[in-house]
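One chain, chain A, links the two complexes that follow: it is found with chain B in the first and with chain C in the second.
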Partner chain A sequence: MTPPLLEVDGLSTHFKTADGAVKAVDDNSLTLHEGEVLGIVGESGSGKSTLLRSVMGIVEEPGEIVAGSIEYRGRDLTAMSDAELRELRGNDISFIFQEPTAHLNPAYTVGDQITDVLQAHTDLDQGDRWERVYELLGRLGIPSPEERAESYPHEFSGGMAQRVCIAMALACEPELVLADEPTSALDVTIQAQIIDLLTELQSDLDLSMLWVTHDMGVVAETCDSMGVMYAGNIVEYGSVDAVFDDPKHPYTEALLRTVPSHLDTAPRFDTIEGSPPDLQDLPSGCVFQERCPDVMEACRNERPPYYEVGDEGAWVSKCYLHEGKPTRPASPSAPEPSAPLADSQTDGGQPTGEGDR
Partner chain B sequence: MSQESAEFSTVEQTERSRILTGAVKGWRIIRSNQLATAGFLIVLGLVFVAIFAPFLAPYDPSAQDLDSTLAPPSADHPLGTDNTGRDILSRIIFGTRYALAIALVVVTLETLIGVSLGLVAGYYKGRVDETVMRGLDVLVSIPPLLLAMVIVTTFGINIWNAMLAIGIVYIPMMSRTVRSSALSIREETYVQAAEGLGYDSKRVMLKHILPNAVPPIVVLGTTDVAYALIDVATLSFLGLGIQPPKPSWGAMANAAQEYILVTPWPIVFPTIAIAIAVLGFNLLGMGLREVLLYGEDYEEVVE
Partner chain C sequence: MTLLDVDGLAKHFAVDSGFLSGLLGETRQLKAVDGIDFSVEEGEAFTLVGESGCGKSTAVLSALRHQQPTAGTVSFKGRDIGDYTKRELRGEAQLIYQDQQDTLNPKMSVGEAIAEAIRFHDIVPDDQVDERVDELLERVGISPAEKYQEPSAFSGGQKQRIAIARALAVEPSLLVADEPVSGLDVSVQAQILNRLMDLQEEFGLGLIYVTHNLGIARKISDTIGVMYLGRIVEYGDVDDIFEDPQHPYTQALLSANPVPDPSVDRDRIVLEGNMPDPIDVDDTGCPFAPRCPEATSECETAEMGLEPFEGDEDHLVDCIHR
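Then we have the complex of A and B:
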């Protein structure tokens, strides 16, 4: 088995405020293999975007990675110098954002902006760079690329601007693409086009992707495996088919129930009662305890570990309902029991990775 | 716009078309505002006079006619003569060259240094910002003209030191303006995206922050040309700027003050020249401010 492309271990990203730390990402681990598409779903404020930004190393102040490691091909990104990171960003790892028009510089034509990426990361001369721009824009379905490359970002619609952003992200043939809700700001028909385009590009270019979204439909359609995030914690992690078929965490279950179906005849949409906990003041036990229909005494005392619920240990759930099943080993840097517990090594498809770490 | 540039195929031609569209864009911005248009025409007139001074001036600016000193305006000397019988009109015309050249050097100096400091302070924030801005606060705390006089008298009375002095005096304002733009622009998502694309800080500052901070720089720079004209004239009037017999407006006024009770003309006309030039740059600056900073129709104008 090839080593994973990206391995995040025990990552915590906290925002330091005057009232204490906001634990946006709290001790999460995930593994992404080459060619795999991993979806992270969760509601607004669950920390999924912060998780992605942490991987990219562009967490906004006062956010800070306080613990954990992010290994890309065995190199720890959190320990890298700025120069080394710059070498990787845009080149090996690139980013697709939520608001395409906001991520393009209004002062330059889109062609200029794409050549800029190429200039920063490749040795191509000016002529070749423009050739590549036209090729990319054409590939992304932008009509008459030579002409459109001379347009400014405000002359593009949201969908077209997102195509430009994707062209920029793919300009240097990255291995890993981090997508932060790339379709959320677009209207539904355009969403479908962009999703199809990304899926096609992913398989053609054999991209590995980490795809953050709040849209269960997008995950079902595009991802191989998924992590469900709640209050800074990935509470369930497994293959998309397995999780959708038979969710093993009460939150995943509740979340899936809220997805409306065209077969629904109920007068109201299902909702999850209550609201997520304050990230500044997380409960000492399970993060979902306040809203969980199956809450037990144990849930109130200690953060549950990952229980292996299927797929030979690749499918895990952070819930005491599965007590008795094997758990993931604690990571070497696991904090003492009073602090948030549990490691969360979660390798997609690897037979019980425990012991060899 | 896109049609125009689509006709060009090679990169160099695209580059040229970009400069062209830049000029067209600039003219559209100016034309869209009456103040800016008026100011621009005055400035254009000054530039014309400065370039063609030898052809426009009826006399050599330093030719003395001792038979008619301190003459009032007449057919021979439309604006009269000074105490050594030099033609005031000719001296004012040649004085345009000094005034414009000096004002431009001052503003260029101010812009180069002020923009760099402001950009660095706004981009890095924190300690760098504090150090740069508090340093500039020290400059601001001294009355500007006094500071300029101190610099000139310390380093020697000549025109280069006068320009340097006034340029230094203007730096804090430019830095503050650019810093405040940079502070807000650096939080824009496209700047974060640029960092996510692995650009180094130089590229982020120069290619992503600076171009979006240009409008306030243009407005301030234009207005500062006007102030520089006044300050250069003031320094010259005080004898610290351009030295006689060079025809500078301020120095002319200075030389004429002794004779103000005999005849007012040698001091009135250079002063009017200063006023016109200041008015031109001020109007242009005000107009540009209306369009670039407060104009809702800026996008439309540019299109």
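Then we have the complex of A and C:
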């Protein structure tokens, strides 16, 4: 049997600070199959961006992957050398970020920047590289590609700059695209253009995508499956249709109620009282216990395992409400307290939280 | 009673267009707001909704004389707004911004910031100020025991609550909120907006809300104005507009807004291109025509203006095809 495209198992990414570890990502597992679009959704500080950056291999100091594995086609990314990672990132895995202009070099034309990527990762000669640039820009809906390739990043609007970044991400025909809030900085009508474009490209090129967002509407429109993150934990994981239709975890249920929709006519917003826990001082039991309407004794003692709430483990929820259902063997429950980490001191380490918006 | 009545409001900015055109005496105008009308009654919640750069913030700031408008008349409680002193106007209309970092003095405790506003506007005798501060903080869900803290001790959501308390402290008749929760997470947003709606209803305040978030606009508003390129293109009751939008831009905007429900199958209208720069806009015809799926040659030359839709004086649309 071929392994899934991406398999993350028991991943923990902590930020070491003088006051102890900030557990931005704490024992998370997920599986991404070929051609699948998986959304990771959560509020700011939930760890979704750190999770994505861990997979990208770009966690910033003092953050560190302290446990778990990230396998791409069966090869563990956490065990790879920098050179191997660079090779893989250019050819097989690419990134799209929230702020396109922050990831383009203002001093070079966009054509130069895309041809650089092609030069580093393909055998195309110079003429072919430029042909490929024009083809890509045209495919991304940028009018007059041959002229626009000569433009600098600041000459593009936000939506057009994101098209350029997507062109660059697709330049070497990757299999996996990791996208961090790719439409969140854009206005609604421009966001709709980019969502349409990404959805079309994903299907035409059979791309697999890991798409991080805080926007439930975007997940509903773009993703096949989803993981809901809260306080460093993916608390529920399943197909988008199933999770939206019948959320199993109390946090998912609460979050879905809270999202303001322009079709909702109730006089007031639904709320989740309280605020998320301190990632430096997570409770020993369930991370959602303080705000959960269904909290029980068991929730206070030990982190719940993933219970299978759908067929064949494709839908799981980290909540004792499902006790009696099979637990997912591949994903152990709470990790051992990371004692060595809590002891280690870093000079002047600032609690960075995570690189979220 | 009508609190604010805005008629033909415009705010243009002169744009430095370079050395040569400077020599030739040409100045270009950025028409951030280009002739809009709206009014807000006592107790009414009116929302200006639109995408970034449409002029919604500039519209309220120039209506309330935080910026000098280029043209138009604005009256407040029936009196020309230009006749109000700054102090009088601040006592009547209070603003809450997106980022309270810029408006709360970092060196002053939040209790003192609220007390200062109460004293400046002579709301209660001096010996009752402390008590009033405590009441206000409680009303917005902050413990009065925390009033001695400086703003840095509070989270973004708490700062926004404090800003609301300070705005209410002067007992205004109109509250203006410009994207007050857009930096906050949905669960925090919901708590603050519910509180804001409760207080607005309880005190019978007029509210002008400015946002790009259609989900928030739906809940918070009685009436809305949809802005595009410095103009209000559709105006009326929020439910009428959200359920049966008439202007092609409103239709596209609502259809493109992602809905958090995968079982809702919608026909999205995806507009091409961007909203153009307000500098390059042609004065004649409809400013939306270049992106409009229904545009005809008449749209380029037509005389534009909000007109009742099918005779309904409460639902106005600026489109010659309606």
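Definition applied: the second predicted complex is superposed on the first by the 324 of 357 C-alpha atoms of A that agree within 3 Å, B and C clash if a C-alpha of one lies under 4 Å from a C-alpha of the other, contacts with A are read in each partner's own complex, and residues count from 1 in each chain.
Heads up, the rule we're going with is that a residue touches a chain if its C-beta (ideal position, glycine included) is under 8 Å from a C-beta of that chain, and two chains touch if they have at least 3 such contacts.
Bear in mind that the values here come from a model prediction, so they are computed numbers and not experimental data.
> After aligning the two structures on chain A, examine chain B and chain C and state clash or fit.
With chain A aligned, chain B clears chain C, so fit.
> Considering only touches as defined above, state whether A:191 meets chain B (first), chain C (second), both or neither.
Touch status of A:191: second partner only.
> Going by the touch definition up top, name the partner, chain B or chain C, that contacts more of chain A.
C
> For A:298, is the partner it touches chain B (first), chain C (second), both, or none of the two (neither)?
neither
> By the touch definition at the top of the document, which applies to A:66: first (chain B), second (chain C), both, or neither?
neither
> Output check: A:124 vs chain B and chain C. Expected answer is one of first, second, both, neither. What do you get?
neither
> Between chain B and chain C, once the two complexes are placed on the common chain, what is the minimum CA to CA distance in Å?
Nearest C-alpha pair, chain B versus chain C: 8 Å apart.
> Just to be sure I follow: which residues of chain A are touched by chain B in one complex and then by chain C in the other one?
In the superposed arrangement, which is not itself an observed complex, chain A uses no residue for both chain B and chain C.
> Over in the complex, which chain C residues touch chain A? Could you list them?
51-52, 155, 157, 185-191, 193-194, 197, 212-219, 239, 242, 252-254, 256-264, 268, 270-272, 274-275
> Going by the contact rule set out above, which residues of chain B touch chain A in the complex?
1-2, 5-6, 11, 14, 188-190, 192-200, 203, 207-208, 211-212, 214, 299
> So in the complex, which bits of chain A are touching chain B?
56, 58, 60, 83, 85-91, 94-95, 97, 99, 102-108, 116-117, 120-121, 126-127, 130, 146-148, 150-151, 154-155, 168
> List the residues on chain A that touch chain C in their complex, please.
Per the touch definition, chain A meets chain C at residues 43-45, 157, 159-160, 187-193, 195-196, 214-221, 240-241, 244-245, 254-256, 258-273, 275.
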